[in-house]
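Each of the next two complexes has subunit A plus one more chain, namely subunit B in the first and subunit C in the second.
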Partner chain A sequence: MSGAGRLSAQIGIVVGIFLAWEAAVQTGVANPRIVPPPSQVLPMALAMLGDPEVLHHLWITSAQVMLAFVLVAPLGVAIGLLLGESDYFGRAFKPFFYFVASVPKSVFLPVFILAFGIGFTQKVAFGMFQAIFVLVISAIAAADSVSADYLKMARAYGASRRQIYQDIYLPAMLPVIVEGLRLGMIFNITGVLFAEMYVSRAGLGHLVANWGMSFEMVKLFAGILLAAVLSIAVNESLRWYEKRIGAWRG
Partner chain B sequence: MTDLAGATREAGDREPKRPLIGPYLLRMLCLLAILAFWELAPRMEWVSPVMLAPLSATVVTGVSEIGLFAGNLAVTVGSLLLALAIAIGGGAVAGLLLGGIKALRETLLPIMSSIYAVPLVVVYPVFTAWVGIGAESKVLFGGIYGFFPMLLATAAGIQTVDTRYMIAARSMGASRRQQIIHIMLPAALPSIVSGVRIGAAMTAIGVVVAEMMAATAGIGFLITQNRTMFNTAEVYFGVFLVLLLAGVIDWAVRSLERRAGAWYPHKVKML
Partner chain C sequence: MARLTVVAEERDGAGGGEANLRADGVTHVFETAGGPLMAVTDVSFTVEEGTFVGLVGPSGCGKSSLLQMMAGLLNPTEGRIVMGEEEIREPRPAEIGVVFQESSLLPWKSARENVEFPLYLRGVERSVREKKALEMLDLVGLGEFAERRPHELSGGMKQRVAIARGFCQDPSVLLMDEPFAALDEQTRMTLGDELLQIWERHKKTVVFVTHSLTEAVYLCDKVLVMSARPGRILKEIDIALPRPRTYDLMATETFGRLRAEIWELIRGGDRP
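So, the complex of A and B:
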């Protein structure tokens, strides 16, 4: 199947799902009070993007996600590179990070509430906590992915330290690190939304949880649609970048 | 090779000096420091006892209320087992279909891997609105949470089947059924089992997270209930039990993995 054919098939599938959903409600197979039809959900989602109150909550969620990401990205990558490059620290602390990375971290949310309260800081701290371990692990993998043969070759031809970093280390490590950043970002978004749904006074997660409790199904579905579209957009753009800078690997 | 590596070693790092403490010892010392901090910080009031209950108080409280914790843990495990059936069973079947059939692999599978990026927590209110805050919503949510990783791992496993084996089997007249049973399934098994490991862990997280948000029983519910009452020691003990549960699941799947590994000839390298 060609690239364009594949894409149109995929668009067809997504459109088909929405049409089937609409048809199920219109024909009475699904109860519109339980499963609101797309003809109500899609306009509601668009209206929300013009609603100052929803935008305010959306902005708070985005600010928490972005601040957590900006803080955790350099920290996680730095720790990972230190552990990957230094044999001593690597042997001392790698097992610790591998272990904690495999542990379910969502369950620590109540601990963050006890420590930081229920405000902005707690959401940012929890988002960072969700993201940091996958960042560290991928930065360790990035450090390991630098080919010893390329290094030998570069040194043999008298490459300077700067050239070695710029032309060997960076291209080798960047795709792996960006993959880690992408996964970290997903975990970060999930963590912030979960924290907002759990206990919060603001944010998209707070709105979604409230709409669920008050059975406002159209708003609930529209909110979920917004969260889904935004996180898919973030994920796909990072994935596109990852592919582009990793293209040299073939 | 060794002398070449030696010759190209950077001038700076000749023979590394022996560090004062070995890496293993350093790790153990850090672990000890964390445990000591956990015990001492709340006792000496370096941090508020609401934030952190001393290690000893956590253990004592947990043990004294072990019946309560065990009862709620049993509720969680019950939901988890049902959710696992959805996640592992459904994920494996969907993964075999989406990975094994070319048209689906090229169209639906990428959509599934995009959906995997969606923070599924936001869907939980839909389940509570549909089926209430009882065990059903936990089973559904946990099942969906583990379904996607299971699906993707199974589909990836099916794709890695060496086409030369398939061609050989087909040219020797193997039926479609024989191809699936004797080639595709055994070759995909390692990926499927690693999918089970990730999927089972995610299912457990899903069930506990759902219990934390809205429930009437279960270990996640117990944690949340104690958090609202500022019973810090109970919260920490509950978290510890969830980690223990995750550890037990991981151990169980790993021993399953070893058995599957013993059956599947790893030494035949699949190119």
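So, the complex of A and C:
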């Protein structure tokens, strides 16, 4: 299917879902007190984007997400590459990361509250914690994906150490690392929003949790919609970049 | 054939036995988790400049190890590899080209970028190396595919790219480790012929590892037959067939006899 064809099909599906949703509420299949119709939710979401208070909370969430990502991305990738490239560290610590990666991180949230309080720092720390495992594991995979054949070939043709890093390791690993960054970002957003919903005084997660508890369903759904649209936008732009630099993977 | 002249011009300076490649009592022992593993032992031979020499032997007998030592990628535990007067202990990209199996093309680079990679590593100016790479791709019949990435090429085309890369810096020695192993019989015969045509013009020294005895006899001036691991040279067999080689040679008695002789050696050498 062509790019344009696929895009219009995707837009069609989204429009279709909204129409079905609207129809379900209008015909009484869905209870409007629990599921408000998109004809109310969409205008509310747009109004929120002009509401300074909501924007303030959105900004706090974004700042936490971005700070957590800026801190955890280099850390996670560096640890992963170290574990992937060094036999010694790899053998000692790889199993640890695989084990802990399989534990649901949410159960650690109370520990983060005790350690960091319920403010900005705790949200950032918890976002980082959520993201670091997938970052490390995908960086290990990236290091493993550099074929020994490429290295041998490069050495045979006289590549210097710097050239081997710059012209073999980097391009070979980049698509896998960017894929890891994208997944790490999703985990990071999940972590920050979850922590905000659990206990906090600010942030999109805090708003959504409050609207839910006070049965403000239109606002709740508008908040969910904003969170969804923002996450999808971040994810898709990283995926676009990933595709572009990884086109050679065929 | 103007493009061939360009290649030939740059060949000056590589004359007078300088590209004789010699192994002197070469032994290589790998240190493995399960203890030392002797890959080849006391191997000696000479590859004369400008000749096409085959290396055959049972799987695991140390052919690749030997080739890597000739490429300077691996050092002998004992003995030495000598080119002209100098011992080889590290890669010599300007003089020794290596053609590996197909997996050695960089998948994120186009065919042209792969071919010019050795020149890029040496810091050759972009326009110069592009021109050279395109010449080389023309030489192997892939001029039209210069901007394709490896995943868009067939196995045979990828191997042609690897050969073009091997020739790109115009080395005096070309080491080839089973370059056609992953290809079907027809493609490998065609590529073998193409390789011979290029070689007849440039007369580089070629060391060619193969599992195919037919290929070895068809292509080579001399075939070194190795024993099972630890690899030793069982015999050097001169292939006294006229050049240029043509397919009808395969039907001759001499061809059959040479092929049978190599097979006997390998089979016998396989038994302890």
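To be clear about the criterion, the second predicted complex is superposed on the first by the 247 of 250 C-alpha atoms of A that agree within 3 Å, B and C clash if a C-alpha of one lies under 4 Å from a C-alpha of the other, contacts with A are read in each partner's own complex, and residues count from 1 in each chain.
Here is the rule we go by: a contact is a pair of C-beta atoms (placed from the backbone, for glycine too) under 8 Å apart; a residue touches a chain by one contact, two chains touch by 3 or more.
None of the values given here were measured: they were computed from a predicted structure.
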With both complexes superposed on chain A, which partner does A:I113 reach: first (subunit B), second (subunit C), both or neither? first
Check whether A:R249 is in contact with subunit B, with subunit C, with both or with neither, and answer first, second, both or neither. second
Contacts for A:I168 in the overlay, against subunit B (first) and subunit C (second): which applies, first, second, both or neither? second
Looking at the overlay, what does A:F194 touch: subunit B (first), subunit C (second), both, or neither? first
In the superposed arrangement, does subunit B or subunit C reach more residues of subunit A? B
Thinking of the overlay built on chain A, is A:V72 touched by subunit B (first), by subunit C (second), by both, or by neither? neither
A:V146 contacts which: subunit B (first), subunit C (second), both, neither? neither
Kindly classify A:R155 by the partners it touches after superposition: subunit B alone (first), subunit C alone (second), both, or neither? both
Which residues of subunit A are in contact with subunit B in one complex and with subunit C in the other? 152, 155-156
Tell me, which parts of subunit C touch subunit A in their complex? 68, 71-73, 91-94, 96, 98, 100-101, 103-104, 106-109, 117-118, 120-122, 149-152, 169
Can you check the complex and tell me which residues of subunit B touch subunit A? 4-5, 8, 16, 19, 23-24, 26-27, 30-31, 50-52, 103, 106-108, 110-111, 114-115, 117-126, 128-130, 201, 204-205, 208-209, 212-213, 220, 223-224, 227, 230, 232, 235-236, 239, 242-243, 246, 250
The answer for subunit A against subunit C in the complex is residues 147, 149-150, 152-160, 163, 167-168, 171-172, 247-250
Within the complex, subunit B is touched by subunit A residues 1, 6, 9-10, 13-14, 34, 87-93, 95-96, 102-104, 106-111, 113-115, 151-152, 155-156, 186, 189-190, 193-194, 197-198, 204-205, 208-209, 211-213, 215, 217, 220-221, 223-224, 227-228, 231-232, 234-236
